[in-house]
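What follows is a group of structures, each given as structure tokens.
You will see two complexes here that share chain A, one where it goes with chain B and one where it goes with chain C.
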Partner chain A sequence: MKQIALVTILAAAAIALPLIIGENPYMTGILISVLMMAALSSAWNILGGYAGQYSFGHAAYFGAGAYTTLILLTNYSTLNPLICMAAGIIVASLIALITGTIVFRLRGHYFGLASIAVAEIVRLSVLNFEFTGGAQGILLSDISLWGLDLNSKNPFYYGMLLVLAVTLGITAYLRTSKTGYYLMAIREDQDAASSLGINLSFYKNKSLVISAALTSVLGSLYGLYIRFIDTSAVLDLRLSIEIILTAIIGGVGTLWGPVVGALLLVPLAEMLRSNLLGDALVKAGLVSDTSAFGIFLKENLAHAHVLVYGIITVLCILYLPKGVLGLFRRTK
Partner chain B sequence: MSFLQPLLSGTLTGGVYALAGIGMSLVFGVMNISNFAHGDLMMLGMYLAYFAFTLLHIDPYLSLVLLIPTAFMFGFLLEKLFINKVINHPHQNQILLTIGLGLIMSNTALLAFTSDPKILTTSYSSSAFNLPGGISISVPLLLSFLITCVIIAMLYLFLSKTTTGMALRATSQNREAAQLMGINVAKMSAIAFGLGTALAATAGALIAPTYYIHPLVGHSFLLKAFTICVLGGLGSVVGAGVGGIIIGVVEAMSSTYLSSDWKDVVVFVLFLAVLLLRPQGLFGKKGGQS
Partner chain C sequence: MIKDLLRVSHASKHFGGNVAVHDVSFAVDEKEIVGLIGPNGAGKTTLFNCMTGFFPVTLGEVIFDTKKINDLRPDEVCRLGMARTWQRVKPLGSLSVLENVMVGAFSVTNKPRQAEVIAMEELTKVGLTDYASKSAGSLPIGLKKKLELARVLATHPKLLLLDEICGGLNHTETDTILDIIRTIRQRGATIVFIEHDMKAVTSICDRIVVLNSGEKLAEGTPEEITNNPDVIAAYLGGGHHA
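The block that comes next holds the complex of A and B.
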């Protein structure tokens, strides 16, 4: 009962947030990034957290959604974006099924390695083919859906929020459903699960396809929102790692872990990117503005957010392997 | 006749890949860890060779004398400080830890050396032997290959003749049994990781004269090293050696007959094909399969 009340309050706050902050594209943009990363990481969590299959190539599904949608829309501008999104789901699911069929017979390190190989094949193919725009990427000029003003950011805020809600709903449902129990059994002990008659590769594939389909919807939304995509934005290994890192920091295999992770990581990345952190250090008098170190920080901190991600990953694995939520659970 | 050209140059490049693959396989065998920082360690080797050449004017091949012990110590320390803390963790955590270490290395390199690619040009960089039939062999590639052969031979002798080498192989075969026989497996892990790092850095230094040097170059080498290990059988040192040559030749062949844009795709498709058809690899023990 308490939980339902809490979720209702959270949902109401999330729905009302754009009205409270009003016309502030910068803030809305950051909120959209938070929602997107939370949803991406939650979708990954269904496979990585519950089935215990760590995918290091989720960018492939994100990119599949973004590219399918934008390629279709640039060629057939009258198409409904939702149909393009559905096409993206089909492409992403196919990639997922091919990967799953090849590697889910195997155990151990193979799925992780194969997921990267598949993501690289997708990335390099997109880069080398012509219909995908190659290294130049794809620019989408204009879109319309039901007379919504898609030049404003609010529709995308609610779109991302909806996908996040659906993803969390599926996760919550899985936790108490037969499929969810099977997945957790597979995660804990494959042999035991198998000997109880659980079809390992069927359930692993099932969770992979659900996860890939949700990820591809987010990719489509992102493509429609930014309207320019290239391989470094939507297919890079870095994106796959950010998705995992978000889940790890929040807590893998927990319902709210990915959301907590996104709330912590995305604003941090934004602060580094816009150099707010460097400015803050200078203002706090910790670093002199004119010293060599101060100048170095000012010039380079904006490029250092991946470095900071690396440091956070290492610290997190060594000292906080169960994530922030795991920390609270331990003290209980 | 043109068939021989990619075969030959592919074999020479493949030798260097084999070195990187063996390093990764050794770590995998002894510690059962997939080292995702392997490519970045190769990148560091490339920069070490580059700076030894431009700042200290030491020939990249001679600089190996300094580079190998430095890299070994670096790897040994990395293991002591970070890797051995997660040796009993689930392997996802081990992978993420090495990914994190790799990100730190590549992005520190990015800050320190900027993203401008560097090129190591020696006096013999573009010289080549011309063989009858229009085949040419690049001098730096040939030198790298010969040095690789010497290093692999030395590694073979070390692993098969010395006590430490035998202890390493015993740990690789069965960690618990090795421990029961009085082998210090923690020390073996650190030595294996040091050797793996030294081999990666050496491969980087050997490839530096014929490749562009960039902080983010490690990523493509990492995937190649994985392909080599899986092809040869995870943990098999001999397999990694053969796998390296195969990957080198496949790459050269697909550049020649397909296009150099697609060569990496061909390598990764080969990787998936191996997983599909022979997941234990060419030389691996059966048992990787579930």
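The block that comes next holds the complex of A and C.
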């Protein structure tokens, strides 16, 4: 009961937030990023956290969604964006199924390695084909859906929120269903799992396809939101890594871990990018902005958010192996 | 009517040039308890792995419940009704004891509620109900062995393969496990039992198959086996315990 109350309050707060902050595109933009990363990381968590199959190439599914949607819309501008989204799901699921069917016969780290390879194949293909816009990317001029004002960021805020809610809902359902138990059994011990009647490759594929489909929806939504995509924005290895780090720092294999991770990391990245952190250090008198170190920080800190993620991850693995959420969890 | 539930005929397993199991044949009747004994490296666990689909036999046949299962995967073998435990226990460490057993129960039901009911029944059988909510990884070895047993029973197997279920346990713990197995047997279970502890094997088995260096050395009742000079030379040595 307590949990239901908490979730209700959280949901109400999330729904009300854009009304509270008013017309502030910068803040709304950051909030959209938080929601998107929380949802991406939650989708990854179904496969990585519950089934224990670490994908290092989730950008491929994100990119599949974004590219499918934008390619369709630039060619057939009258199409309903939701249909394009569905097409993205199909493309991403196909990529997932092909990868999974081939690689899940093997155990160990092969899936992780293959996921990087597949993501790179997708990225390089998109970069070199003509219909994908190659290195120039794709620019989407105008879209419409149900008469919504899609120049405002609010529809996308609610879109991301909805996908996050659906992803968390699926995760919560899985946690108490046969499939969820089977995924966790696979994560804990594959030999034990298969000796108890679990078809390993079927369940790994199932979780991979669920995860990939959700990720592609987020990619589609992102493409519609940004309206300009290229391979470095939606297919980069960096994106795959950020998704994983968010889950690890928040708490892998927990329902809320990815959300906590995104709430911590996305604002942090934004502060680094906008040099807010560097300026704050100078203002606090900790670093002089004329000193060599101060100049170095000002010039480089903005580009260093992945580096900072890395350092935080190392610290997390050393001191918080169960993520930030692990801090609040009683040990049994 | 008594019939073969399991028939292994002329099974061989080669790993490259290494022959781990050579031309072993035996059968298990319904409701029978068969012991599989032999010195270390005799091929007992390899034979289990071949029977349960973890790796296929190189030559020969494994017939379970009139079906040839040589090429089935472990999960398919389990669903047909032949389930095993592991010599080195394999608890699903971060799940609770109850959840571990529920995973087994999901092979007979899709409903979590029902799986929980089945799991509680099996935990009662092995006396682990007090530990239901404990994390499986935190149990001491004696209780982990009981958990293995409860988990595999939850799949409702027709044939139970126990791989050194008493290994590493003290006398009291061994006796408890043997009592549990006797209870299971009264309910009509068929069991193949790998064990080092001769006392355990002779006290519980109807028939014993002895392996040595991958080959079948002898087969017979516990009395026949303990008095067989070949077996004594190869395995029992001077005393009656290994």
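In the analysis below, the second predicted complex is superposed on the first by the 329 of 332 C-alpha atoms of A that agree within 3 Å, B and C clash if a C-alpha of one lies under 4 Å from a C-alpha of the other, contacts with A are read in each partner's own complex, and residues count from 1 in each chain.
One rule holds for everything that comes next: a residue touches a chain if its C-beta (ideal position, glycine included) is under 8 Å from a C-beta of that chain, and two chains touch if they have at least 3 such contacts.
Since the model is a prediction, treat every value here as computed from it, not as a measurement.
Of the two partner chains placed by superposition, A:Thr8 touches none, neither chain B nor chain C. Once the two complexes are laid over each other on the shared chain, residue contacts for A:Arg105 go to chain B alone; chain C is not touched.
Using the contact criterion defined above for the overlaid structures, shared-chain residue A:Leu200 touches chain B and also reaches chain C.
Number of chain A residues touched is higher for B, counting chain B against chain C.
With both structures placed on the common chain, the touch criterion links A:Ala304 to chain B but leaves chain C unconnected.
By the touch criterion defined above, A:Glu120 reaches chain B but does not reach chain C. After overlaying the two complexes on the shared chain, residue contacts for A:Ser291 are found with neither chain B nor chain C. After overlaying the two complexes on the shared chain, residue contacts for A:Ser232 are found with neither chain B nor chain C. In the superposition on chain A, contact of A:Pro321 is made with chain B only, not with chain C.
Overlaid on A, the two complexes show chain B and chain C touching the same residues of chain A, namely 200. Note for the complex: chain C touches chain A at residues 52, 54, 73-76, 78-79, 83-84, 86, 90-96, 99, 102-104, 106-107, 110-112, 115, 133-135, 138, 151-152, 155. Contact residues on chain A toward chain B in their complex (touch as defined above): 48, 54, 56, 102-103, 105-110, 112-114, 116-118, 120-121, 124-125, 127-128, 190, 200, 237, 241, 244-245, 248, 300, 303-304, 306-307, 309-314, 317-318, 321. Looking at the complex, you find that chain A touches chain C at residues 176-178, 181-182, 184-185, 188-189, 191-200, 253, 332. Considering their complex, residues 34, 82, 85-86, 89, 91-93, 95-97, 99-104, 107-108, 110-111, 219, 223, 226-227, 230, 234, 259, 261-262, 264-265, 268-269, 271-272, 275-276, 279, 288-290 of chain B touch chain A.
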